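Input: a single structure, listed below in structure tokens.
A, B, C and D label the chains in the order they appear, each numbered from 1.
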């Protein structure tokens, strides 16, 4: 057996395991609940999590490089706030979009520069970024601001008909495009491979003459950009800006990435895994709302338990498969 | 490089060192462990910024602020420890940063093809799409070399590239170095193997304790002079070792016996007896399974067949702990990854194994610690002799000594040494060899693995030969190198030899 | 070592001085009903739970781990104890309740340890399970209600005084104990070894799994005690808000204290300073009257300034500029 | 399972899956306070009593989860959807979907900020601004001379916090003697309230009144005041909102001076409304829950019957 067939799948295993698990859970849900096995439920999974997909894609870059970005949730909130406030003030839509993306990327850039130049741990810097972004929301307005702009509303409510009567929103299309772009950048460009190298061993990457500085700052810019974009999608989803939007969403994004098999220490993982991770979290949510009889606390316990089942089974699958691979070679 | 000085906290690594490197020459940088060779190289390539002094490249003053810049200026470097990204593929490790592109993206098929070509140039045939960490450290070293020669460079820096390579690989490397030299590339070469240095270099610069001793043409400096320049005194110790290595056949009780021990994909089932007081050498080519054999004996990997008998009773190896408890010690060849705990001090690294065996609640007392540290710092001449220095800051050779000392501290009954002399200077190497002989005389069994066949033959009482992950023969200590080489490289069909 | 802690100390002092400037009475101490009363005392008292959790977190982080579940565990401890106490004013009932709660916390720590060391799941996700489910468990225990108790013995843990607040005395005692155990035994060194290079440690015969297991249990017990302090301070268990986001504060304290999230070498003194800095920051916000909507921006600015002050690189850059200007 | 697609024109019984029992989807915000838990319990109990099949989901304090839940109710074709929008914005898209699917919507707690009032049938709930006003009124009537007030705000940005502040300020503006000297968020929790109050006690030379946006923060403040050697309710007057049992007890004991009620028990009213809405009957666009205020004497009387 050649090394190619035994080795590469081993690295893809976590992703594969997540996808397989996702399919199994979905199957289980379909058997258990009426109306679960419809195309629209799957479509809703994407519609309801489009912003999270974008966030997770950005977060994948950061985690692959060995860092972490806690600011994403707040940047989403800030983006919704800027969008809503900007539109309320009568800015044209394109200007709002550009402003939001610029703010997100700039915040990312600032954090990246501080992390890299001053050698401060990403955890603190991005936590400060988290405070700052949310603080800025409240400076703009403490109250929630609704979006009344006609163009925005149109895009938000527009649906794309898929065969079989299933509908999706433009958000889904954008999210999937982001995933594709992330795939391309991570796997087909020097920057992407350097992200993996830095995450694998920063010192070595430096000695190999790779542009580690640019890469380390770059991942935070990407994450900032993705957060801002996710914020725009969130604005479309909610049609409002609010300082308390997306509280704790950074944890969802990190969880999705890690469930997708990415190593928190960096250097190993795939965007597709993160996508699968988001879908897993979304499915857990969907299962719970279909169940419909859980009290608030049982909801939490069941979410935790399902999460556990996911990661434990995933772990088991990876271990079992590794053993088989070892035996086969 | 002119008047280079560089100080780390507490250590003056370089003091006013001048160094010249000409196109079309192989220039050996010589010195004991910790003399400052690697540091000088890192100053050249922009890893460290010198406190004073200047670097001139083709007459122009340069100041690289990162290795990337040095690379762009045509300086290609293999650093001492394998500095690659183990999580990437072999091809990426070789070509990342100058990968072939197509439509703006990396062209992977072309990249794999290029990588395979470069690897073939140095005689390595591995799948370029495989992940680097699946390969043993020696292969990783070859990949690092491949990376360095994959580009057209003006200056090629090789910091102990041969420390875990065997003779065949080294010959390949030298062939290429000669080709490059003839093309006008300036090559800087560091090695503790004097034979290699004399074989390949045209000129050498000697460092001692961070200061320049002198620059000489290789042809004008004989070995004795070189050594005395390096260690700063007349050699005598060295000769003592050459004699100390008389062999004897040991007929004591069997200490460790392996019966049909094996692991699929790693090493075929083998039998092996090791007696107390015996030095058993393992010989074989790269990838012949020596390390795997050793790991099985230590329980670092779990065997899937056979059993291990210690002192006549079967030992159920559940992991390194049970091996250590049975008096087995294993000094790994991968000191960075599997050996040392880089961010701990010399002291902590020294007592780690001993402490682990005692459990956390029974600390080794400060007094015992200090006396142990004291003893081994002097016995192995570890520098700097500051027990609180972080192991990460030690020179490669000194790290190796710390690792060795860690296991000596546990007073093992069977000491497995996998490439213990890797990256160690000639004086220290002699010391270690002597140490092995002494230990054996005191009744310790030693399993000795080294890529340097000569060394194995010199100190082993018995030599076990491996090929293609099979044990194919056992020779007694009187054998000559030629006999071993014949077995190692010899017939392509192992069965014939074995029968 | 001393040098490393100098800057966090300076940051703390600067923050305290800021309070003094805005509120001149901030440093004032007086004896009130036989115990010390004043702004500084509040900082110590309210910082005690974070400090305690941060101590446990330090050890977890030193092994390259992280424990997100501490907040939930704190909530569970509070809930179990308060439900056990109910309306009883007995000291015995309170003690029994606390004992039960802490045993339960140890079990939860074992669970985390099992996921991390036993199954080999990444710590952040392994403890995320308990972070989510744990709060649910706490609410299950209290049935979503805030359980108010009226028990003097229990009140002592978080609101009591023996000259100084009992809670800070407990935290400092634990800190001392941990410092002593890790320094006087080999535990500290082994923890660091496991954190820096797990594989090398395994090959050196270190029982890395047992060690990892131990630190998670310890962190959970610390979280449990902290939960008791928090709830005892207001004599009520609120499953939903007890210890909410305290894991972030604790991690921040550890990191500000100079311990790297990448594992390995840790500093307990650093953690102490980190916790004090964070609590002082919170108290400062209240005392100097930062408007609620500016609070977060203020915190962000302070946190980043503290870190810049500590970063040798940032100081180098700054002093370089000064030299260049002058 | 029956109405396969055709379920169309004019059938007055709605589009539920089974003929007579009504299925209601209720998207709760979370269980962030005792108040909310009481609210949930009332809805669950009353649904059972009214024979309504309740699908309940807890959004863990996240609006997007609430939206997801509503979307899944639409998917499951429930007969009526009810939810408590904690924020007034951000509901248009999903409610439009509900409207398209012909599922009537009832808001509880709070209205939404939408120009399109056809998105929901009615809304049932308290008025947070009004609560703030009641608190302000009481203060204006019950103090004389210069009065320093400290305010313990709810979670920054949360609607009750904003509105209770707004209503309160509106009323006290009438009396320039009353000044809010410090205002900080205590996150609606007891420990938050206690910590903030401790700090206020040190930084403010004179505090006459505490206005807390909920009972819990008020209870925390009481602890802090006691620790400072002062008497809550006497040295420092306390006004809170909610009237949960613990708060009422403190009020009855004289440690709180005035509580504005915010009634969580709207299950019964909700179920009645739901039945009407499903039948297609007209309902008023706004149903206000019955809410009062409590002084210390009233609290003593009301306490024994307090359920939550």
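Basically, a residue touches a chain if its C-beta (ideal position, glycine included) is under 8 Å from a C-beta of that chain, and two chains touch if they have at least 3 such contacts.
The shown structure was predicted, so the numbers you read here are calculated from the model rather than taken from an experiment.
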> Would you say B-C or A-D is joined by more C-beta pairs in contact?
Replying inline: A-D
> In whole angstrom, what separates the CA-based centres of chain C and chain D?
Replying inline: 33
>> Using mean CA coordinates as chain centres, what's the gap between chain B and chain C in Å?
In response: 45
> So what's the Cα centroid distance for chain A and chain C, whole Å?
Replying inline: 29
> For chain D, what residues touch not just one other chain but two or more?
Replying inline: 30-31, 37, 40, 156
> Which parts of chain A, given as residue numbers and ranges, touch two or more other chains?
Replying inline: 138, 142, 295-297, 299-300
> Out of chain C, which residues touch more than one other chain, so two or more?
Replying inline: 139, 143-144, 292-293, 295-296
>> Output every touching chain pair, sorted by label.
In response: A-B, A-C, A-D, B-C, C-D
> Which of the residues in chain C end up touching chain D in this complex?
Replying inline: 22-23, 25-26, 32-33, 37-39, 42, 46, 139, 143-146, 148, 159, 230, 233-236, 238, 240-242, 244, 282-283, 285-293, 295-296
> Inside the complex, what are the residues of chain D that reach chain A?
Replying inline: 1, 25, 28, 30-31, 37, 40, 54-58, 60-65, 67-69, 71-73, 75-77, 87-90, 92-93, 96, 113-115, 155-159, 162
>> Show me the residue ranges of chain A that touch chain B in the complex, using the header's touch definition.
In response: 2-4, 7-8, 11, 184, 188-190, 193-194, 196-197, 199-201, 203-211, 213, 267-268, 326-327, 329
> So in the complex, which bits of chain A are touching chain D?
Replying inline: 34-35, 38, 40-41, 44, 47-48, 84, 137-138, 142-148, 153, 156-157, 234, 237-248, 285-286, 288-290, 292-297, 299-300
> In the complex formed with chain C, which residues of chain D make contact?
Replying inline: 30-34, 36-37, 40, 153, 156, 182-185, 187-192, 194-196, 198-200, 202-203, 216, 219-220, 223, 227-229, 244, 246
